[in-house]
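The block underneath contains the structure these notes are about, expressed in structure tokens.
Chain lettering (A, B, C, D and E) follows the sequence in which the chains are written, and residue indices restart at 1 in each chain.
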Amino acid sequence: MLTAIAFTPIIGAALVFAVRAPARTTRLIALAVVVAELALTIWMYAVFSAPQGGYQFVQRADWVPAAGVQYLVGVDGLSAPLILLNGILGVAAVLVSWRVELRVREYFAWLLLLQGAVMGVFASLDLILFFIFWELELIPMFFLISVWGTGRRDYSAMKFLLFTFIGSAFMFAAILALYFSFPAGERTFDMTALIWKDMSSLIVPTSLVFGGFLIAFAVKLPIAPLHTWLPDAHTDAPTAVSVMLAGVLLKMGGYGLLRINAGMFPDQLAAAAPLLAALAVVNVLYGAFIVLRQTDLKRLVAYSSVSHMGFVVLGIASAGAGAAQLNGVGLNGAALQLFTHGTITGLLFVVVGLVYDRAHTRHIPDMGGLAGRMPLIAAGFMIAGLASLGLPTTSGFVAEIMVFLGTFPVYGLATALAAFGVVLAAGYILWTAQRALFGPPRERWSALPDASPIDAAAMAVLIVPIFVFGVYPAPLTDVFEAGVAPIVRGLGG
Amino acid sequence: MLERLLIVSAVLFCIGLYGVLSRRHVIAILMSLEIMFNAVNVALVAFSRYAAPAALRFPGAAEDAERFALAGQTLALFVIVVAAAEVALGLALVIAIARRRDSINISDLNLLRR
Amino acid sequence: MLPEAAAWLIIGLPLLAGLICIGALRPWRRGLWPLAGYVGVAGTAGAFALSLAAVNGAMGQGDAGYEPHRWFAVGGRDGFAMTVGVLLDPLSAIMAAVVSGVSAVVQVFSLGYMKKESDAENGAWSDYPRYFAYMSLFTAAMLGLVLAYNLIQLFVFWELVGLFSYLLIGFWHHRPAAAAAAKKAFIVTRIGDFGFLLGILYLFLHRGEFAALGLNPFEIPAILEAAPMLGAGVATWAALGLFAGAAGKSAQFPLHTWLPDAMEGPTPVSSLIHAATMVAAGVFLVARLFGLFEQSAAAMDTVALIGGFTAVFAAAMGLAANDIKRVLAFSTVSQLGYMFLALGVGAPGVAMFHLFNHAFFKCLLFLSAGSVHHSVHTFDMRYMGGVRKWMPATYLAALVGGLSLAGIFPLSGFWSKDEILGAAWGGESAAAPVVFWLALAAAFMTAFYVFRLILMTFHGEFRGGVDAVPYEERIPDEAHHHVHRRESPLVMTLPMILLAVFAIGSGFAANSLVALGPIPAHWFSHFLHEDAPDFSIGVAGASTAVALAGAALAALAYGTRTISFDRFGAPWRFGGRLLAQRFYLDALYEDLIVRRVLHRGLFLASDWFDRRIVDGVADLAGWFGRNGGRAAAQLQTGQVQVYGAAVSMGAAVILIFYLLQR
Amino acid sequence: MAFDNLFSEIVFWFLAAASVGSAALVVRLRSIFRAALMLVVSFLAVAGLFTMANAEFLAVVQVLVYGGGIAVLVIFAVMMTRDVDQGNQATAVQPVALALGAALLGALVYSVAQAEWALLPESLPAPLAAVFVETPARLGRLLLSDYALAFEAAGVLLLAAVIGALSLVREREAPEGDDA
Amino acid sequence: MGITGRDIFLIAPELALAALAAAVVLLDLAPAFRRNERLGQAAAIGGLIVPVAFGAALWVDVHANGAQYGFNGALVVDKFALYVKFLVAAAAGLTLLASGGYARRFRPYQAEFAGLLLFSASGLMLLAAAADLITIYVALELATLPVVAMAAFAKTRAESLEAGVKYLLLSAASSAFLLYGFAFLYGASGTMQVVAPEGGGPTIAQALAQSGGGAPFGGFAVMAAAILAVAGFGFKLSIVPFHMWTPDVYEGAPTPVGAFLATASKAAAFAVVLRVFMEAFGGASADWGGLFAALAAVTMTLGNLVAIAQRNVKRLLGYSAVAHAGYLLIGVAAASQGGALGASSVLFYLGAYAAMTLAAFFAAMTLAERVGGERIEDLAGAGRRFPFPALVLAVALIGLTGIPPTAGFMGKLFLFNAAVNAGLVWLAVVGAVNSAVSAYYYVGVIRTMHLRDAPDVPPSPDADAAPRTPLAAKTALGVTALAVVALGFWPGGLLAAARAAAESLLR
């Protein structure tokens, strides 16, 4: 089933590219593919049994036996929700791309390939396969930003590519070091087996292996000061790509941190936790400070992502010392934050994109009074914004409170400082709303239409999970719990 | 005797190298190259004559010593042959260049750079 | 006892009403829009009816004893189990009744007041369903807050209350002032909520103690049960954190600045949210967790002192304001200070009693102000005067509310204020004597500004209303409105009359010194399982005297104009400016801290650092990459001998390197 | 043997000096023609050194191939170029070349001096006794047996080089096409 | 001992190839071939079947009987040699296939061009199988000298002639270094035998094992020999600082020459380096392992950095070749630690790299002809105008960057694998970071091609008049691109062959 999930978009991409259809047909094919994909992921999620735990839907085949590489896919509680998230965002991304007119076939092919690659990342249980999908996602992203982007798109696309690539270079070395640290018969890239290995004596200091993974994931997440690719990439990317980038690509970093750094190196994680906590605070506050100076709507949202990803790091940092007794509340919060931020920031970018489509500006001072012109879009923005600032009944709140609860007993001061980020979030979200949406309606915007049904559908696809999981998060937390529990056990809980 | 010859060879080699690196005329460079190959041959011949063939150190292979002793001279022979071929090609190139351009100064052959 | 499902319906009915308004009525046919008002009123009224039933059921009993339900849980055994439930006890029942009751009344008033929205040329009815949706949802959130079983559940509704307050303040989002005020309200209260959150986290830090007792550290009854075991240290920090949240929501110093600005919302909103209910949530929170606060003398004193100080401080600002709603807003802040003062000296029942009474008379005052505005289309008292001539009902309502607020015997305000003063007088904490005098001073000022308000608005000569306001000072939307000399419609006056009845009688009737027919003596206190407060004739006399003195001074200054403060010259003008500028606190917060220190300081520096340094380093690395390559390419001169030299150099360097190695 | 030794010493030093000196002149002389002549001198001196090391066959090949064939080719080419007298100038790389040559020479000489060579004993052991007496014959046999492969390969190489050189030198028969 | 039939069988691939080369040149004299130049191309490519078939027969033989020695130990035929021979044959064949159209501009010498290429290929094949230093030298020169002529083959172009001169002079100079190294090796050991059959006389390694000195590499003579050999081979491998000819020659020489140099020539050179260093210098592996590791780091870094600054596609590919030599050196350095992983990773990467580089060169060649320029800017808009070659170039460049799922990724996986296994984690990191840096220029080309719009005016008036890309060239493009992708998905087969080859090297 996971093979189908990972390859449906990829085959869809080939299909879209191969069929020389009019733009409209192409869009419909792409939509059909992502909807089918979403159905698959929902089905997978529904069938996934949280109480049973462990890895499910595992498929295993030798691939390059000489190098010990397997084709090994499967999901556990950690990846299942993220796959669902990717399915959801895929639909939103296609819907929000409805107005793309430039090289439509190529555009949707790349977009679907991107989705498929990310699916692969979440589904892979073999490190090399994981790495392959991890890298595979670069090329679609590069093209999507570079061709369909705006502004300094070349610069941004290249920056994205280089940052990620250099980061993953370290991961690559770490993967190999991990592999060769074990005696010949026991070498494996199988993550499910590696979790149970003793990592205390590797061929290089374990902390270096840990650090290699950390760097790769820190770039992706991103953790300051490795974040500067993100605002540029977001700013210049087309809407759908921003949605995917913020929605799932960043999540790959957090997922990696949880799956590998936390899952395989509990001791190193515990040792690095104070550093992570400090970085998390920096991320949250520094990101928020910068947000408050932005005048470009997308850049603003991008930095808010940086700030919010700090909460993920903070939750993971809870693994220091106290996580075992806390049974991973913080880790759960971090995982949940991955999901919720995916929907929330995805929605923010959808809305920003819709605004840009109409107003052709992202410069906030040029806006104002949009709420009267496009109430649906404004409502979408407000929902996303409020969820982003952690308003209860939206999923953002649940994740953040869990992060705080999980980490406060371990790093009280850091958590308190990071929690202040929530106040800052209120500041920048509401200030932005005030500047962009409210105020007297302007003449120049008087002809702008509100969201079309397609746009509304794109927003709705994301709004539904925000509220559903905000009001009743148990379906999500139970699954995440099943995924985090082994990590917690690894941490000694 | 071995070391003397080797030093002569080293001096010749370095003179040749100097020539290769410092002469402007393509043919002068080719001549310098020949000096380098000569230096190599001097060394090979010296080793062939004065250094103990490996076969002598392995009792079982002693009757094969001749082959080992003459290997150096053989290689030197091939060096001469190959050098001849190289020179032939080099001269062909010089002629081809001389037909197309005024100068066969190596310094002027710098269309390809950076 | 009320079945649990019915208790949930108290929240559910307004919620449903709100969802119908925003989800069903608004997007569809315009013809349905007028229905929104009735839907909203019906939902809230239903909640009110159920609340009354709950009050009835709670009488003589304690907690209704509903078990909480699992919401979600993480981390198994001693991880984090979130439960939700209804905590229906006398305190929440009476609060729910007040909230839903006042809300119902205000929504009825809004049927008339918001009518002008529906008449507006463009947009027609579009804002009407939105308004009632927000109102209903706000009510639901408030009721949810009141009935919350779990501290986090409470926090959830707490935030939602903040959200709807934000939406309602910014209801006219095209007005920059309204949008700014809404944002300010949300952010300032959120600073307080930050403390609230830390308080919750701090409690969770001590989950071990709870676990030892088999309790969940988030459930309110559990907290109250465990409070005595936690010790003063734990209680202090937890209580102070929670109090920070309460202070934010209840606009206590230093987080009070948002409330006067919040008057940018529609007047019924001000009356419901910023007078009667939401701002009382802080008081309710402290009362709800009073068992925790009690454990810490330091926390109690802090609450009392902040309350007492705010009572005076806000009242002082009320003395000089010219905007009728702002006067009332400062008054609200001041009265909330009273309530905290009462809590701080250990009298939660008294605080709740004042809250109860205050809800009626303050709501009434706001509705009166709205009613006046409906006629003169300005809130500036300098352009009013003599309005009583054509608005007798409104005048009477305002008079009743004002007298009650001023604490004139025997109106409801008198009784609760007297109990507060009595509690402070009799309080044993170190802060009690201080806050008693503060309270007394505040009583004086209250009487002064109340009478100033009434006199400036209703008495004397009419000074022109909106027509006299300089054009540029008018509210943009209302720039073209004109004064209509007429009383408000019945749909507006009726709620005022209803509230006036309460403003007169609620104080005496609900907690009377003697039994009144079916109502036993000290019903309110006993209902909350509190001891009846002592009635001291001395304290009562002093407060009445002070209030009368304040009233008299106001009458001399604004009624008969026998004295003029202008005679005091420079100190007066300085004081006036100080008060008009609200002690420059807004300037301090917004201009100095937010704009200069943060926005042009810290944030600018961060942004600069990010662009120049962090990104600069990345770009520099790229620059080095490109130019390093370019520089290395310079060696590629095209000279074959340079290449040969490189080869030789390579050989020589490696050889020499190894020769030096041995 | 003393005289023999002295004589061979003198001959060696003479040949060494001649080869090195003429080589140095090859790379220093301005006139390319004279440089070519000096090259022939150097070749002959080296051939002498070969003889001293009992490599008579190689010496003969050296004289024939280098002293004859290559030198003639070189001189032929020299005639084709203009400005023969001043043509052989140094480039700007010269100082670097000098330094590099010196450095490499130093390193090589040091290595040679430090190395512990496994020398043949003065009196040749039995298997080698005749080798250096009848070198040409034995070398020829080796070339056709043990080193036949290299021998054949060298033949192919020469063929290829001739084909390559001819293709480069011959003018086109067909009209020139585009040569972009 | 004379030459036996067995010897002829063992040398049959090279022999057949040399014969084919001669035949191609001679057949050109026939009128039919003069009239239809495709015939010559077809003969050259079709004739390759014979050496390949002999190679296959030898593989079967070697698989059954182990490594075979011929010519009294001058020739060794093992899977290692055969692997490289197949690679050389494939590269040569594909180059001929792709360059049919290009070679037409050499009229009437295109047969000579093909013949020279085949001569060189036979030398490369022999190089992989050479068992002693003499054969190695002769084979090396047999491989090199035809390329000199080929580099200068476009003799109407000054650049081409210049490339020929540069290649000749530098290759001769580095041959001198190499020979000097060989001389020292011979002097120190008393033999030229790199590998030998059982009882086939002492090899260099065996002889050196007896003596031992206090210097690195086990003695000053061996040290000098090794370093001079590194300098000499370094030219062929194009490793820094012996690489500087590479971009110039790739740029100046006819494009097929660059393709051939980068693939077949490089493969055989790495093969011989592996054999010489692992066998002859086997006792000093720690020393040369460190040296190669350092050179690898320097080579990749410099190659990649300078490539960033390039504007000419062929020149860029030249620097890319330098950088890839660095990656390959990682495998060589890893091979110093013993085990088949290092050598097999080098062999696999050589195959993968050959596919990618051939694809890149062929596509660049085709595109350059069509757009009328070799600068990167000239390729702007090529993605739309000439989708097929542009797609192939994109695939090749993505592969060269090392992004999955391509041969390049798998190749790097195995190289870094070997490095980490050998304890060279730092080198793997340097390599991986370098891959990332290389993305900058590779992807830059792709971007220009696919994302920039074509200039309004065609840069060269005859661009559109250029002949249509022949079917043969298209086939070559398709085959190489397919190989790049296929090796990314199914590296198993080639890897197994590489591993078998590497194990035969170690025995």
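Just so it is clear, a contact is a pair of C-beta atoms (placed from the backbone, for glycine too) under 8 Å apart; a residue touches a chain by one contact, two chains touch by 3 or more.
Predicted model, so just to flag it, every value in this text is computed and none were measured.
Enquirer: Starting at subunit A, how many touch steps does it take at minimum to reach subunit B?
Expert: Minimum step count, subunit A to subunit B: 2.
Enquirer: Greatest Cα-centroid separation from subunit E: which chain?
Expert: C
Enquirer: By CA centroid distance, what chain is farthest from subunit A?
Expert: D
Enquirer: Going by the touch criterion at the top, tell me which pair is linked by more C-beta contacts: A-E or B-C.
Expert: A-E is joined by more C-beta pairs in contact.
Enquirer: In terms of Cα-based centroids, which chain occupies the most central position?
Expert: Answer by centroid distance: A.
Enquirer: Quick one: report the Å distance separating subunit B from subunit D, using the average Cα coordinate of each chain.
Expert: 6
Enquirer: Report the inter-chain centroid distance for subunit A and subunit D in whole angstrom, where each centroid is the mean of the CA atoms.
Expert: Once rounded, the distance between the two centres reads 69 Å.
Enquirer: Measuring centre to centre with CA averages, how many angstrom lie between subunit C and subunit D?
Expert: For subunit C versus subunit D, the centre distance works out to 101 Å.
Enquirer: How many angstrom lie between the centres of subunit C and subunit E, each centre taken as the mean Cα position?
Expert: Chain centres of subunit C and subunit E, defined by C-alpha means, are spaced 78 Å apart.
Enquirer: Of all residues in subunit C, which are in touch with two or more distinct other chains?
Expert: 633, 636, 638-642, 644-645, 648-649, 651, 655, 659
Enquirer: For subunit E, jot down the residues that touch at least 2 other chains.
Expert: Residue numbers touching two or more other chains: 134, 137-138, 141, 145, 148-149, 152, 155-156, 164-166, 169, 173, 184, 187-188, 190, 215, 220, 223-224, 247-248, 309, 437, 440.
Enquirer: Of all residues in subunit D, which are in touch with two or more distinct other chains?
Expert: In subunit D, the residues touching two or more other chains are 91, 93, 96-97, 100-101, 104, 107-108, 110-112, 117-118, 146-147, 150, 154, 157, 161, 164-166, 168.
Enquirer: Could you run through all the chain pairs that touch each other?
Expert: All chain pairs meeting the touch criterion are A-C, A-E, B-C, B-D, B-E, C-D, C-E, D-E.
Enquirer: Contact residues on subunit B for subunit C in the complex?
Expert: My answer: residues 17, 20-22, 106-107, 109-114.
Enquirer: Provide the residue numbers of subunit D that touch subunit B in the complex, in ascending order.
Expert: Interface residues on the subunit D side: 12, 16, 19-20, 23-24, 26-27, 32, 35-36, 39, 42-43, 46, 49-50, 53-55, 57-58, 61-62, 65-66, 69-70, 73-74, 76-78, 80-81, 87-94, 96-98, 100-102, 104-105, 108-109, 112-113, 117-120, 125, 127-128, 131-132, 135, 138-139, 142-143, 146-147, 150, 154, 157-158, 161-162, 164-166, 168-169.
Enquirer: Which residues, counting only subunit B, touch subunit E once they are in their complex?
Expert: 2, 6, 13, 16-17, 20, 26, 29-30, 33, 36-37, 39-40, 43-44, 46-48, 51-58, 60-61, 64, 67-68, 71-72, 74-75, 78-79, 82, 85-86, 89-90, 92-93, 96-97, 100-101, 106, 109-114
Enquirer: Note which residues of subunit B are touching subunit D in the complex, please.
Expert: 1-8, 10-25, 27-28, 30-32, 34-35, 38, 41-42, 45-46, 48-53, 55-57, 62-67, 69-70, 73-74, 76-78, 80-89, 91-96, 98, 104, 106-107
Enquirer: In the complex of these two chains, what residues of subunit E are touching subunit D?
Expert: Where subunit E meets subunit D, its residues are 1-3, 7, 11, 18, 21-22, 25, 70-75, 104-105, 107-109, 112-113, 115-116, 119-120, 122-123, 126, 134-135, 137-139, 141-142, 145-146, 148-150, 152-157, 164, 184, 187-188, 190, 211, 213, 215, 219-221, 223-224, 372, 460, 462.
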